[in-house]
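These notes concern the structure reproduced below.
Chain naming follows the written order as A, B, C and D, and within any one chain the residues start at number 1.
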Amino acid sequence: MSEQTLRVGMIGYAFMGAAHSQGWRNAPRFFDLPRRIELTAVAGRNAEAVTAAAEQYGFAATETDWRALIERDDIDLVDICTPGNLHAEIALAALRSGKHVLCEKPLANTVEEAEEMAAAAREAAARGVFAMCGYSYRRTPALAYAKQLIDEGRIGTIRHVRGQYLQDWLHDADAPMTWRLDRTASGSGALGDIGAHLIDTTQWLTGQSISGVSALLETFVTSRPLAGERSGLGGHGDTSEGAPRGEVTVDDAALFTARFDGGAVGSFEASRFALGHKNAFRVEVNGTDGSVAFDFEDNNVLQFFDGRDPAGQQGFRRILVTEPEHPYVAAWWPPGHGIGYEHGFTHQVVDLVTALAEHRQPTPSFDDALQVQRVLAAVETSAGDASAWTGV
Amino acid sequence: MSEQTLRVGMIGYAFMGAAHSQGWRNAPRFFDLPRRIELTAVAGRNAEAVTAAAEQYGFAATETDWRALIERDDIDLVDICTPGNLHAEIALAALRSGKHVLCEKPLANTVEEAEEMAAAAREAAARGVFAMCGYSYRRTPALAYAKQLIDEGRIGTIRHVRGQYLQDWLHDADAPMTWRLDRTASGSGALGDIGAHLIDTTQWLTGQSISGVSALLETFVTSRPLAGERSGLGGHGDTSEGAPRGEVTVDDAALFTARFDGGAVGSFEASRFALGHKNAFRVEVNGTDGSVAFDFEDNNVLQFFDGRDPAGQQGFRRILVTEPEHPYVAAWWPPGHGIGYEHGFTHQVVDLVTALAEHRQPTPSFDDALQVQRVLAAVETSAGDASAWTGV
Amino acid sequence: MSEQTLRVGMIGYAFMGAAHSQGWRNAPRFFDLPRRIELTAVAGRNAEAVTAAAEQYGFAATETDWRALIERDDIDLVDICTPGNLHAEIALAALRSGKHVLCEKPLANTVEEAEEMAAAAREAAARGVFAMCGYSYRRTPALAYAKQLIDEGRIGTIRHVRGQYLQDWLHDADAPMTWRLDRTASGSGALGDIGAHLIDTTQWLTGQSISGVSALLETFVTSRPLAGERSGLGGHGDTSEGAPRGEVTVDDAALFTARFDGGAVGSFEASRFALGHKNAFRVEVNGTDGSVAFDFEDNNVLQFFDGRDPAGQQGFRRILVTEPEHPYVAAWWPPGHGIGYEHGFTHQVVDLVTALAEHRQPTPSFDDALQVQRVLAAVETSAGDASAWTGV
Amino acid sequence: MSEQTLRVGMIGYAFMGAAHSQGWRNAPRFFDLPRRIELTAVAGRNAEAVTAAAEQYGFAATETDWRALIERDDIDLVDICTPGNLHAEIALAALRSGKHVLCEKPLANTVEEAEEMAAAAREAAARGVFAMCGYSYRRTPALAYAKQLIDEGRIGTIRHVRGQYLQDWLHDADAPMTWRLDRTASGSGALGDIGAHLIDTTQWLTGQSISGVSALLETFVTSRPLAGERSGLGGHGDTSEGAPRGEVTVDDAALFTARFDGGAVGSFEASRFALGHKNAFRVEVNGTDGSVAFDFEDNNVLQFFDGRDPAGQQGFRRILVTEPEHPYVAAWWPPGHGIGYEHGFTHQVVDLVTALAEHRQPTPSFDDALQVQRVLAAVETSAGDASAWTGV
């Protein structure tokens, strides 16, 4: 690995490819990074499409076989933006080749794959090669600030965790089939796609692990019209790395209750059928001394209730998390000039590159992501067993 | 029963007594009722306290034995505002005496009691004597209007139901013991006190019954300081009809998932430990064509998302439910001049008196309330059986 | 005057009569008043209508001539709920007769009338007879609490005052003519009806008087269809004491900037044409150390920004002003169980009766209301003089 | 000018330089532009600082004299990001040299300068050389969509315009002096810096021009500590192109009422002392058939009230302006994945480059910006003349 430059190869170039590459491009423009970033190559099976993507995203070269990308000598880090069914194979190969890995979430489609990946990551870490999973919402300033408040003890002992991830892009029964609805490619539906964020974010925020769940999964619309080729970038329906089918084989909604190992109880819901909600990723934590609440549809805001405020003066504070005191914010704009969805990916790059430069394990590690995977599996097990309580 | 006057006897005079009597007094001031209301007598065990209550609430006479109140010839309707453990005995006696009954919710502390009460109510109805259970939130204009929109098909087929009832008045581990924390008096904790509202409201709104649940109950604080005598009216901690004890024998929080018999899935949470939330009774229903959402902390507002609005122009409408077109509102103030918590009790009186004058069954009937009771019982059963799915 | 009972005579029984009588009836039910309240008589010109009003509002007797009401020996206080053109004559006569007076706002239709009334009130006060003007919004708990915070120095030196009173009930050009649009009866339009609340509330909150203004008045719709007789109570369009005409002779909207004598600057707007706003009475005050903001459409909430909170943790706190620590609230319901528009009138009665029992001047006095009147007049003068700065 | 590439030279590299360069870099990554963008050179007086800026922002070369930049043959467009006192001289020179111009707002520090610039721009346009002023808020999707709704007649005839631009970064009397508080460099204070946005946005949204104003200006803090050298980019206090002084010679707050030539009335306020508000750029327009409202602190949302919705169902719709149907949005992320402040600058580049490629005048033109300047001047004139009504 170059002492001065981090050479990035990306595999997959759809929605997540667009977001990741924006992160790579923007990080050095706003942050003082310890490494230069070079966007060396991008891989995808369709030569024409991957060439267009390289041009649009700013990669210098292309590959039509991801194995070729991994074998390149001029790449230090492999950024995996494919559907979940390819994560394990690619990540294992990349780590084996001595490449750092950034892998989109969820880590894998099965716990078995995730375990193998985590083991490989631990082994690679011993060699100074690091792997990270892309739960990028951790890098939203409002959530990062919530984490800071919780770590400082501002909300006391945690009692309640509440998570909803509500979208509605599938509510129309005639919306087309995509790889995201095909269990083979995606592993699961709303559960793994958006529910995984709830699990990762709440475990990270609270510093507690989910120890058991009782769950219910529902598929409201069991088949979908087969779409033709989709060429667009940035859409949910992109099919760049998966074959669409007519039958929906994943959950449309996942509901579960949970217990955390530190004593908190949790209520969770993930759905793509919650009409009116576009990206309502909502997390709330209530403790003995305070509460924090967040909704991604108002992403620059953290609600903070300080139970130590004098009686009569208590209330949820709408903190506009755009002050220089807030995580990541000093690099951007003046107070009140908010940032958007994509900035989480820039912050992810900042934290990842900083950790690599310091030869530290970036977080979330594959082990962290494996724990999420275990919860996802427990949810599916419980749902398949009449909601029986299922330990993680 | 007098042809012109409805003579009311009330049993219990704490928080619910204050609210019910305000309803009885105010209904004729703002609505054109088919009956005059006479507040004939109020019963309570403490002679001094019940005399003060009669004076404050406007009742003409007092009784220190509820049985004496029921036996009075000059009473047409018995309004039961006691803790739940007395509901069944009083209601059965009152119906037997040919008195109409308004019974606070939840209907009873056990399904068995509730079944007996519902059977008695059905029998009495055949004789023209009617019973109603006081799920007064149904009479909030915003919720009544939501019901109207749903009944008109404005949100289509229902897929998601979401209910939270979040309070925080017990979050302090040193808050005193009350009858509400004593299973003998109250039947259950957050579940029956506030969770029951979630169940009643969502079943009523959707027109669907909950057919099964998976639940988790939690008691965060298992013992409480014993309070001295409390004489105040209107507080949560009133102990007028129960003996306080040191051990908390009820749930502090109840979380459950549910299925409705019309195909919807539900996520529910009731807690008195959700710090920062005072009376966040939140209900949301998502359908194939629209959504409605409500939060009692903003009680004059209904959020309505119309999925048939043109693309680009869709959004949750913040409907200020204070227009003459809205249920109950024309009797009150000009648009935007909102009403409060107590008005639901006035509307309850209006609907009850109107039904009685028309010799119709008022709603919710004891049968409706029995169904809620069965869900409450299923929640407790599931929670006691490792969250196993439990049919209702 | 009876030592134990305050005997009330009310003149006028439309919207304000409904609100005032609800205040008189409810105050003793929830507050421990130093006087019993007796609703002795109500006066109105139409015998049939006033009889119906007496029945509905709970007055024992009626008068068809307000002078007769004032001359009654069994009345201690005259509550004036007529259009503004009658305020002065009635108030002067009542004070002369030794009756306490509660007069709806604005105090009068002209500064001259208001000055005469204030002089009479000062004179009467020397005799132990008191007059108060009904700026009831001061008794909204959230605003009363804001006043408390400001008085405690929590927002520091005041720099900005911002007031909007936005309604839309006249936005339809075919909405009918009413006495409120007739300058002879109402004195002015949006300015005196709702703008007066902005002036009173902000002067009271800040403890500063408006010293000068620059104003603009606008009448968007200059004539209105003549309505037939209106018999309803509680509507804006009530015509009980005025003859409707075809020409709109008042302002539809009033906009002005202001300076306060303590150094703050103010921006104000009152309109009945702000489509979508029903009763958006909004007041915000920014100081050197904090800010408070209020909107009547969310009347149980006070927004409070504490500039002394640690950097990073600052934000407007949404205080649900429903705690026992908050003004007036302990008498009502548990936290989060909000109150409505009418409760301000109950609190007004409480404060008035308490002051009378203690032989103190209730506030706002007629002098306070006269100051509001002077600002209203300055606004009209400035608007008529090309917005020239006009001292108060 | 190259047929395929637009070669950009930027002058100034502080807050606005950071924002503009992000726009130039990002536009081709997300939009299909008709020209390639080349960041050719950036100019600033401090050689070391401008070199660092070039590196950070991605410019290939630097100049320490803006005249040298303008004389370069390899530049097609000059992007002026300096304080206002340099706008005129630079823009005139650039247009004379046949360079297109993008000039930050406000256009100039005086009407005279602005008139000269607008005349030069008209003359240049005849030669195919175009000038645009950077009122970038027009490119916020929510505001662009509001404009579309208004143009489609969805809110009918406009009656009310309401604009507030509230910040608080100067509320601390010890905040340091900057060029923005020096009239020589900045022209005015809150008025020109943020009030100008209110004027431009509301004139553009309504399609009406402000025809007269009555105004009040206030300076709360008349002197400021002199700051040392500031080297940071992106801060309000940057002093790259101006000499800081001790005396504040501009307004801290500007309040004015206005009339629009289409019949609407307006209420405006701009302040940097509104404690608690960080970037509350709020615009509301009420018409005969609907209303729109926007607040930049929630920049992805447009509030839309449709007065043609059925009675009872009306309410402000919270439209999340993140759908493919909305202006600019299809290029970005899926619904609900909001964008931030900087994106307006990207959209500005898209619209500018598209207009240039089509040999069309981009908007806002210098003439549009001159009209804003005339309103700014009228505000100052009125404020200096005891708020006398002042025509524009």
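Everything below uses one rule, namely that contacts are C-beta pairs under 8 Å (C-beta built on N, C-alpha and C of every residue); 3 or more make two chains touch, one makes a residue touch a chain.
Model, not experiment: these values are computed from the prediction.
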What's the call on chain A versus chain D, same or different interface residues, using the half cut on shared numbers?
same
Distance between the CA centroids of chain C and chain D (whole Å) is 42
So, what's the distance in Å between the C-alpha centres of chain D and chain A?
35
Length of the line joining the C-alpha centres of chain A and chain C, rounded to whole Å
54
Chain D residues touching 2+ other chains are 314-316, 320, 323
Examine which chains touch each other and state the graph shape they make (line, ring, star, complete, other).
complete
Within the complex, chain A is touched by chain B residues 155, 159-160, 162, 164, 168, 171, 173, 214-216, 218, 220, 253, 255-257, 259, 265-269, 271, 273-276, 286-291, 293, 305, 307, 314-316, 382, 386-389
Which residues of chain A touch chain C once you look at their complex with the stated criterion?
145, 149, 302, 304, 306, 309, 311-320, 323, 325-326
Would you pull the chain B residues touching chain C in the complex into a rising list?
15, 19, 22, 25, 29, 56-58, 167, 169, 234-236, 277-280, 296-300, 320, 322-323, 331-343
